[in-house]
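Per-chain numbering from 1; labels A, B, C and D assigned in written order.
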Amino acid sequence: MANLKLGVIGAGRIGKVHMATLVQSVPEADVVALADVNIAGAKSLAEQYGIPFVSADYKEIIHHTEVQAVVICSPTDTHAKYIVETAQAGKHIFCEKPVDLSLDVIQNAIDEVKKAGVKLMVGFNRRFDPNFKKVHDMVAAGKIGDPSILKITSRDPAPPAPQYIAVSGGMFLDMTIHDFDMARYIVGSEITEVYVKAAVLVDPEIGNAGDVDTAIITLTFANGALGVIDNSRKAVYGYDQRLEIFGTKGMVTADNNFPDNHRYFTEDGISGALPLNFFMDRYIEAYSNELKAFCDAIINNKPVPVGGEDGLISVAVGLAAKKSVAESRAVKLSEIIG
Amino acid sequence: MANLKLGVIGAGRIGKVHMATLVQSVPEADVVALADVNIAGAKSLAEQYGIPFVSADYKEIIHHTEVQAVVICSPTDTHAKYIVETAQAGKHIFCEKPVDLSLDVIQNAIDEVKKAGVKLMVGFNRRFDPNFKKVHDMVAAGKIGDPSILKITSRDPAPPAPQYIAVSGGMFLDMTIHDFDMARYIVGSEITEVYVKAAVLVDPEIGNAGDVDTAIITLTFANGALGVIDNSRKAVYGYDQRLEIFGTKGMVTADNNFPDNHRYFTEDGISGALPLNFFMDRYIEAYSNELKAFCDAIINNKPVPVGGEDGLISVAVGLAAKKSVAESRAVKLSEIIG
Amino acid sequence: MANLKLGVIGAGRIGKVHMATLVQSVPEADVVALADVNIAGAKSLAEQYGIPFVSADYKEIIHHTEVQAVVICSPTDTHAKYIVETAQAGKHIFCEKPVDLSLDVIQNAIDEVKKAGVKLMVGFNRRFDPNFKKVHDMVAAGKIGDPSILKITSRDPAPPAPQYIAVSGGMFLDMTIHDFDMARYIVGSEITEVYVKAAVLVDPEIGNAGDVDTAIITLTFANGALGVIDNSRKAVYGYDQRLEIFGTKGMVTADNNFPDNHRYFTEDGISGALPLNFFMDRYIEAYSNELKAFCDAIINNKPVPVGGEDGLISVAVGLAAKKSVAESRAVKLSEIIG
Amino acid sequence: MANLKLGVIGAGRIGKVHMATLVQSVPEADVVALADVNIAGAKSLAEQYGIPFVSADYKEIIHHTEVQAVVICSPTDTHAKYIVETAQAGKHIFCEKPVDLSLDVIQNAIDEVKKAGVKLMVGFNRRFDPNFKKVHDMVAAGKIGDPSILKITSRDPAPPAPQYIAVSGGMFLDMTIHDFDMARYIVGSEITEVYVKAAVLVDPEIGNAGDVDTAIITLTFANGALGVIDNSRKAVYGYDQRLEIFGTKGMVTADNNFPDNHRYFTEDGISGALPLNFFMDRYIEAYSNELKAFCDAIINNKPVPVGGEDGLISVAVGLAAKKSVAESRAVKLSEIIG
C-alpha cells in the first residue's frame, strides 16, 4: 500500500504537534509540503522534519501536485475557507476543531465537501485517547446496560492569554467543545438540551473579557440519559481529564494519565506524581492514533471516524451553552439547529 | 462526669441502629427507656440490649423521670410533634432527618425548642463519616483555597419499596436531603439556587408514583461556588457515596468504603471488593461519632453540631429541587424561605 | 444461648485492649473478674468497664466460681504456668502469643490442656483481620491455584524500648512470630526451612542488646511454595502490614488500612493519609473477631481456630530463624522440632 | 549537531525493537546499515525502515565506512566477538545483555574496548523506564535516607521455549540478570552476597532442562542494605515488574504499567486492565530513552550510563546465584570475582 502524501497548513502550536506526529509516529504518512504565513517559522519546521516543499501561501499546499490530503492547523477563522478550497481541489481534509464559530459557515463547508466527494475529518483527538476509547468501547458493547449518568471533569492547568480569550469564541466553543464531542461519543446519543451554571472564579479579567472560567453543564440526551460536565480554566494540580459513565448494569471510569506511577511514603504522608500537565503529553497517543485513523480512512477508503457533522453539532451545543448562560435557562438543541 | 440517660422512641430500622450504637459504642450513654407502638418489637429490642423500661406509648418515654434526652426514630410525620412535646417536658432531643416535610411545621418545632431552652440535634449522620469529615476539615482549614466546584455522587444500591416512595416526600426530601446537608457542610456556605434535571431510568413504577429516580442537581452557593449532585436510586455495584471539592489552591476527594482491600489478579483482569453496600455498614463509624457528639453536647453543655436550622434548610433545598423539576427552571432559595 | 463468663489476667497494654473489646464488641461475653499484680491499675480498669471482681492474685481469677474461661494477658514468662493452672482448674484458656520461648515448656502446657480436656486458643489476632482473612479464604478456595510465592511485609512504626528488647526473646520471637503464623495460615502448609539475612539498620542499641532490627527471611513450605518476609523495627511512615500470594492461577494481595481515604491534590503533588499507625487501630476488627471466635468456640463447643500447636510451631520457626542468623545458613525445621 | 550513523547487527526480535526505536523515536540517529545471517529477514526489515545497506555478513556493518557506531542484537555467543572487532575498527558499541556468560570473555572484551578508546554501552533498558528511573533518582537524592530493604518483583508472563532455556545460561543469567542490574542501580551500592532458594513450580520440563523457574533471592549490599528479588517464569495475569525501596526516612515504590486506566464496576466486583503483557510494550519508553542516551553519549562525548563493567558484574551476580542454588548456601561475590 503506497503512503499517503500530505500537505500541512499552519506551523503554529498544533501544526508542530501534527507535524511531529505524522513524521515520527505515522509510518503510512509522508508530509511533502508545509505552508505558514510566517515563512520563517515554516522553513524552520520544514528543515527540522525534512519536508521538501515550503511556502508562505496555503494555496500552494492545496494545489501541490503531490499532495493527496491537507491537514489544516491554521487559525479558526480560516478553517472553513481552506476546507472549501481543498475540497474544490479534490483533496481530502483533516481540520482542527472548531471548524468555525458559525453554524452556517460550517454547513456550507460540509456541503462543499459532500459535493466534491472528498473526506473531511475533524480533530477531536480525545476520542483516540486509550482510556476514553476503552470506556466508549465498553459502553458500545453494552457492558453498562443503558447509560444513565455521564460525568466529565475537564479542567485546564491554566487559562489562555486574555487576548486569546477575546477571539476564542468563549470557553464553551474553545475548551468545552471537546467535552461536548466526548459526551456524544461516550453516550452514543445526541444531546437534546443544555443547562449551564457558570461563574468567573479563576480570574476577573476573563469576566471583563465577557467570558466565564468555571461551569457546571447539565446535558440531556436523546436516549434519556443525563450528563454533567464540570469545567475550570485553572486546576493548580494540572490538567484534569476524567470521566465516568453509569448505567443500569454498571459503571466505567477513566482517570488522568501520569508521568510515572511512583508512590513516596514518609512520616508526612503518601504522595505521588501530578497528572501529565500539558495537553500534548496527556494526549500524545491520542494525536498519533487520530492521524493514523485519518490516513487509514483515506488509504483504505473507509469512513472517517469523526466527520463534518460531528464538528457542526459540537459547535451547536456550544452555542446552546452560551445561550443558556445568557438567558439563565435550559436551552433545547432544536432552538439552535433545525 | 455522669452518663447521659436517654430514652428512645421507635424500634424500627433506624431505631435499632441507634440502640445498638448507644449501647455498644457510646460509653457515656445509658439507654433507660424505649417505646414503640409495635410493643412486641420494642420488648424484643429492649431485652436484647437490657433496657429496663419499655412501653407502647411514646409519652411514657418523654415523661420518664430518669430520661434526660430523647432520641426520636419514629416515622417522619411524628417527628415535629414529638420534638415539641419533648421540648415542653424540658428534655434534650436528637431527631432523625427529615424533621418534617413542611417548613412551617419545622419552624414551629424549632421555636418551641428555643422557648424551652433545650438542645435539638438533627441526624445528618454523614457529617460524622471520617472521610467526609476529613474533607470538611481540610476545606475549613483553607487547604484548597476558595471552593469553586463541589461534586457529590450519591447513589443507593436499590430503590425503596413503592409504598415507601409514596409517603417519603420524594427522592429529594428522602435521599438527596443528605446530600444537600453535605453540600452546605463541605462548602461552608449556603445554597442560594437549585436547578434539577431529573428522570425515571431505574423503574417506571417510581415514575408512576409521581417521583423520579435519577437526577443531576446544580447548586449555587452564597460564596460564589458551584456544585453538582448526581443521584440514582440504583447502583448495581452497591452504595456509591463519593465527593470531591475543587478550589483555587487544590482539590480534596473522598471515596467509598470497602469491606476489605484485597486485589485479585488473574488472566481475566484485576478485581477487588465492591463498596460496603448497606448504609449501616458504610456509616457505622458515622452513627457512632454522631451520637457521641450529641451526648458530648448535652453532658458538657456545648452547641450541637447539627441544629434545627440545618434540618430546616435541607428541607427547603429539597422543596426548591421539587419546584425546579416541576417548573423546568432554576429556583432561588429565596423563593422558598424568606 | 447463655453468655460466656470470662476472667482476665493482666491489665497492661494488651489486657486493656482485650477488656475493651470484650465489653464493647463481644455481646456474648461477660467479663466477671480481673487480676493484675498492679492492683491499682486493675481496679481502675475494672471500674471503667464495670467488672464486679478484682484482685492482685491471678489464682483468684482461675478459681473464681463464675469464671468459665480465662484470658491470659500477663507477661510471657507467666503464660505457660497460668495455662497449666487454668487447665487443671478445668477452664478454657485464651492466651496471648507467644505461649513461651521454650518449646518444652509450650509442649508441656499443651499436654496439660489436652489432659484436662479444655480448649486453648493462642492470640494470633492477625488471622482475624478482614483483609488477611479474605486472602486466606481465596487461597483456600483454590482461587490462585497452587501457591508459589508468598510475600509478607511487616514493619513496625518504632522499635520497642531497649529494656523490652532484652527480655523479648529477640525480633523473631517477638515480632516476626506473627508473620510466621500468618505465613502458615495463608499458604496452608507447614514451613520446612528458614534462611535469614539480618542486619542492624535502625538503632545500634538494638545490636548492642544482641538483637537485629531488619531482616529478609526466606521460607520453604512442605507443599513446595516459597515465601519471603521482610521486617523492620521502624517504618517512619507508620505500621506497614501487607502481603501477597502468587500462584499458578493468579495472585491476591492485601494492603494496609488507613484512617480515611481522602486524596489531596495541590501544585506540589497528590497525597493521602498514612496507614493506621498503632497496632490497636490497625487490628481493631481483628481483636474483636478473634475474641468472638474464641467465645463462639467455647459456647458452641467448636474447635478453636488457633490452637496450642500453632503457638508451638511459630516459636519453633522463630528459633530456627535465630539459629539461621547465628550460623549463617538455612535451617530445617526438623532440626528444631522432631 | 550532525546525526549519529549507526549499523545494526541482528534482525531478530530485539533487533526489530531497536530498529523501530531508532528510526521512529530517536531523531538524532540514522541507521545506515543492517546485517543478519538470515538475509531474507534482514532485507525485509531494511525495506520496511528504508535502510540503504543490508548484508548477511556482520563484518560489512562493522567496516562500513559511514557507520560510526554498531548496535549488536545478535545471539549472546557472538556478542563479545563482535564487540572486540567493532572496537578494533574504532567504532562505538551498543551491545544487548548479557555480554557473555563467561567472566573472562567479558573482561577481555572490556579490555579491548578500553584499548581502542571507544565507548561500550550494555543494554540494561529497564534503567530507562520512567518509573524505575524516578525511584532511582529519589533514592540518589536522599529522599528515603539510607536504603534498608530493596524488594524487586520480576515475573514473566510465560516461560521461553525449552530449546531456548537450554542455551540461555539459566534463569539467573537470562532473566534475573536484569533484576541484578536494577538492584545495583536502585540501591546505589554493590552486591556482596547472594542467597537463593529456587524451585520448579511452573513446568517440570524446565527442571528437566536443568533450570529453575521460581526463586527468592536475598541480596546483601556493600552499604549494609538488604534486598530480595522474587522471580517466576509465569504470571498468568501478565508481565509483573514492580519494586520498592525502604529506607531510614521513607519508602518509594514503582508499579506495573497498564494499557489504560479504566475501572469497571458491576454487581460482581470492580475490575481493571491487566499490566502491559509484552516486554516491548511495557518498556517501550525505556528502549527509546536507552538508545537516545547512547546516541547522546556518543554525539556529545559523555560517559555511557551503563558500561561494560555493569555488564560484567551482573553476570557475576548471576553466577553467584547459580552457585548458591547448587551448594544451598549464601555465596559471596568475592568468591566469583576478585
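FYI, a residue touches a chain if its C-beta (ideal position, glycine included) is under 8 Å from a C-beta of that chain, and two chains touch if they have at least 3 such contacts.
Since the model is a prediction, treat every value here as computed from it, not as a measurement.
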Chain pair showing more contacts of the two, B-D and C-D: C-D
From subunit B, the most remote chain by mean C-alpha position: D
Between subunit A and subunit D, centroid-to-centroid distance (C-alpha), Å: 39
Subunit B and subunit D: spacing of chain centres that average the CA atoms, whole Å: 58
Whole-Å gap between the CA centroids of subunit C and subunit D: 43
Residues within subunit D bordering two or more other chains: 235-237, 249-251, 265-267, 273
Parts of subunit D lying in touch with subunit A, wherever the complex brings them together: 24-25, 27, 130-131, 133-135, 138, 143, 249-257, 259-267, 273
Subunit C-touching residues of subunit D, taken from the complex the two chains share: 146, 148-149, 151, 153, 155, 193, 195, 197, 199, 201-202, 214-216, 218, 220, 224-228, 230, 232, 234-237, 240, 246, 248-251, 328-330
For the subunit A and subunit C complex, residues of the former touching the latter: 235-238, 265-267, 269-274
